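See structure below.
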Amino acid sequence: MAELTHFDAKGDAHMVDVSDKAVTSRTAVAEGCVIMSPETLALITEGRAKKGDVAGVARLAGIMGAKRTSDLIPLCHPLPVTKVSVDVTPDDSLPGLRVQATVKTTGQTGVEMEALTAVSTACLTVYDMVKAAQKDMVISDIHLLLKEGGKSGRYEAP
Amino acid sequence: MAELTHFDAKGDAHMVDVSDKAVTSRTAVAEGCVIMSPETLALITEGRAKKGDVAGVARLAGIMGAKRTSDLIPLCHPLPVTKVSVDVTPDDSLPGLRVQATVKTTGQTGVEMEALTAVSTACLTVYDMVKAAQKDMVISDIHLLLKEGGKSGRYEAP
Amino acid sequence: MAELTHFDAKGDAHMVDVSDKAVTSRTAVAEGCVIMSPETLALITEGRAKKGDVAGVARLAGIMGAKRTSDLIPLCHPLPVTKVSVDVTPDDSLPGLRVQATVKTTGQTGVEMEALTAVSTACLTVYDMVKAAQKDMVISDIHLLLKEGGKSGRYEAP
Amino acid sequence: MAELTHFDAKGDAHMVDVSDKAVTSRTAVAEGCVIMSPETLALITEGRAKKGDVAGVARLAGIMGAKRTSDLIPLCHPLPVTKVSVDVTPDDSLPGLRVQATVKTTGQTGVEMEALTAVSTACLTVYDMVKAAQKDMVISDIHLLLKEGGKSGRYEAP
Amino acid sequence: MAELTHFDAKGDAHMVDVSDKAVTSRTAVAEGCVIMSPETLALITEGRAKKGDVAGVARLAGIMGAKRTSDLIPLCHPLPVTKVSVDVTPDDSLPGLRVQATVKTTGQTGVEMEALTAVSTACLTVYDMVKAAQKDMVISDIHLLLKEGGKSGRYEAP
Amino acid sequence: MAELTHFDAKGDAHMVDVSDKAVTSRTAVAEGCVIMSPETLALITEGRAKKGDVAGVARLAGIMGAKRTSDLIPLCHPLPVTKVSVDVTPDDSLPGLRVQATVKTTGQTGVEMEALTAVSTACLTVYDMVKAAQKDMVISDIHLLLKEGGKSGRYEAP
């Protein structure tokens, strides 16, 4: 049966011991979105050309956020990421912006938290830049798309 | 018509000048959730009593996350928060955990980003602690519930 | 009867609301020491003149540590300190180094945690720089000497 | 004769070159305590059940503090810790709380500073949460219990 | 005669006490540049349209760097900036990029270090992004252009 | 022809993938200076003996700054540095202080940004400590002196 590995036998939270795990190449991809009105989305996409680059700022915030993951998530292991990329794409079907992050490392633990933190930080940054125009935007559907490398094997979102 | 205040006349991103805004008491409340299977939720809620306190760790991560907001969000003003509280409540109707954060300050800008960052960090922390049991959890529906104080007046989510 | 103010009615940890506290001038002084062998102390005090300045590095680390207090202590309010000074003095009666820190702010909460964190960081830094010579040093007797300003009035260590 | 390795031939502080040291598995255990009145201790231990979890918050702060060690200690090498656990135990003989931290890494330098910083941060956090009830608590007796791995061999506190 | 205010009567570095200084509106403007070959500059300016936005990333890094000033500069007071803007402009006469930063606050100390840190961080970021094309670029001529507000009055670069 | 590697095919900034680069020993040396009046320089060099140690504080700030490089430079990879040393030397021919930093790591990317950030942070710290005496100092000529290790081979400044 599944167990919560972040708690020891007494039930106290701890940082899991990964000392004996193999150093392997690991990748994680996560996704999320910011849902807004079509008018707000238009403000961003038209703005991209002439009024400022919301997606560019959010992308950079996501990359930097990935590097802060172990500072933010209490039981997360620090690890030196070897690649971070973040895509921010307008999607009329939301309507809103879709954010996708890919993170790689060569280390003893996976980077799914780094990918999820990158997505989450990029979404918050979009909200911050656009909130003067619309306050009821929703950050939604943040989830893991892919994880590979490491003992638990490849995971792909259903 | 609405404009993107975080970009100047040339379209370059900048941190908005709030030097002339009044120092007033400001409050923001935000909410979000982590959706999981009933089995995973049971693992957490039963665990709360005897095997570890997922909600307690997430709550603390959210409080600390609120204090890191201006480090994470590029154009966000730093400000000394005067209160942060985070609630993490199991909700069978999701099923999952619902996270709500309240942040206050006495300052020149609002604290909606601090409240949203607290919620987002708490949700990521829940994911981190439970991911060994379930990888397809979804962080969802992060939005502002309330904002008051400051020139733009009171906002309450519809 | 005394209560633990950092926990709410449900028993959950939160950052205490100080929004309604007065902005006043506040000072705190804290002290601590690192106990070592007379030989190790001699290495430092003789070294001060010609081989390097353990006290100088520790003093600076203490000052910078004071500025990181709210990052380190989960429920501590961030506040802009207006003065930090740290003294590091050899004391043959320990034998070892005595560390004293004074911190001031103009704000809504006291700065005792900033003063204690400055002392603690300076002591850790002394340990780090001298540990190659002696591993069984002890950091000890870290306590508050003085606190003034704010509603709870003046406190002086007995 | 012992030398202060953190200073170069001119007496200037520097970060010691560990480039040629072997990457080995390293462990450190450190300990310390917060001494308080029996009444304050009772407030915490009774509180654990129904009014809030001082030990839980302190434990988490200690774990996060270990990850910030190289940010705080000027000449300390950054390294990716692979395990951190912190125990906080009531001890009537002090009376007070005893804090013990265990840190592991696979790297080129030891983790004694990380273990000592974890203990120190957890003790400061206890002080912060309980200071409204007692201001003259003392953080004391922070020392290294065990260090193993690396060229200098195993050290156990006498 | 001029004195080094960051050192006390004993000659020890400390953070100057500004507790009694007035809270006033303060502005600082600083400037600097990155000198490169005409070919490298062409790579950036042509790239701006179609291959990536070196200036945009540098500008954002400068804004975020301003917020980290008191973390980086040991004796610098933390203060909540109320405005940061950074301009990055190609200048064929260098040839290279010219960086200018404007920072405002309402507080007890000036923001010249924040403006200089913004310029410096933006210049380092330009170097980082372009270093694959040219390693012998030079970051140069970082200086204060303007400082106003506070007791020492208005300063304008000669 | 040279390309800007920090931008992908679409022209979006990303953190370059170094997952497949070899882990090798890498060194970088960078240099810069703070130019001031002979009177200000005299204040520092005479001061060194009896009024405080500007060079010592700047050196330490540079060492700590090197460890914050990937926090400051958006697309810079985090990596565990294994050695940092910073020299700060008075130079009458400027007149001013010359700063030189050496950084080493064993990793997948070079440490030129860490060396340049160390120099830059040390120069800013000199400015901060001396600015009460002279406001028109100039931070200048920050450049790479040496880089070795890694696929691109040895680079030495012309």
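Letters A, B, C, D, E and F mark the chains as written, and numbering starts fresh at 1 in each.
Please note the rule applied: a residue touches a chain if its C-beta (ideal position, glycine included) is under 8 Å from a C-beta of that chain, and two chains touch if they have at least 3 such contacts.
Each chain and its UniProt protein: A, B, C, D, E, F = Cyclic pyranopterin monophosphate synthase.
The model shown is predicted, which means the values in this text are computed figures rather than measured ones.
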For the copies chain C and chain E, the interface residues, called same if over half of the numbers are used by both and different if under half, are different
Relative to chain C, the most remote chain by C-alpha centroid is chain A
Distance between the CA centroids of chain A and chain F (whole Å) is 31
Whole-Å distance, C-alpha centre of chain A to that of chain B, is 15
CA centroids of chain A and chain C: separation to the nearest Å works out as 37
For chain F, residue numbers touching 2 or more other chains are 8, 12-13, 53, 56-57, 60, 64, 68, 71, 74-75, 80
Chains touch in the following pairs A-B, A-D, A-E, A-F, B-C, B-D, B-E, C-D, C-E, C-F, D-F, E-F
Listed in rising order, chain F residues that touch chain E in their complex are 2-8, 11-13, 32, 39-40, 43-44, 47, 50-54, 56-57, 60-61, 64-65, 68, 71-76, 112-113, 116-117, 120-121, 123-125, 127-144, 147, 155, 157-158
The residues of chain C that touch chain B in their complex are 8, 12-19, 70-71, 74-75, 77-80, 107-108
Within the complex, chain C is touched by chain F residues 53, 56-57, 60, 64
Contacts from chain B onto chain C in the complex sit at residues 25, 56, 59-60, 63-64, 67-68, 80-87, 104-106
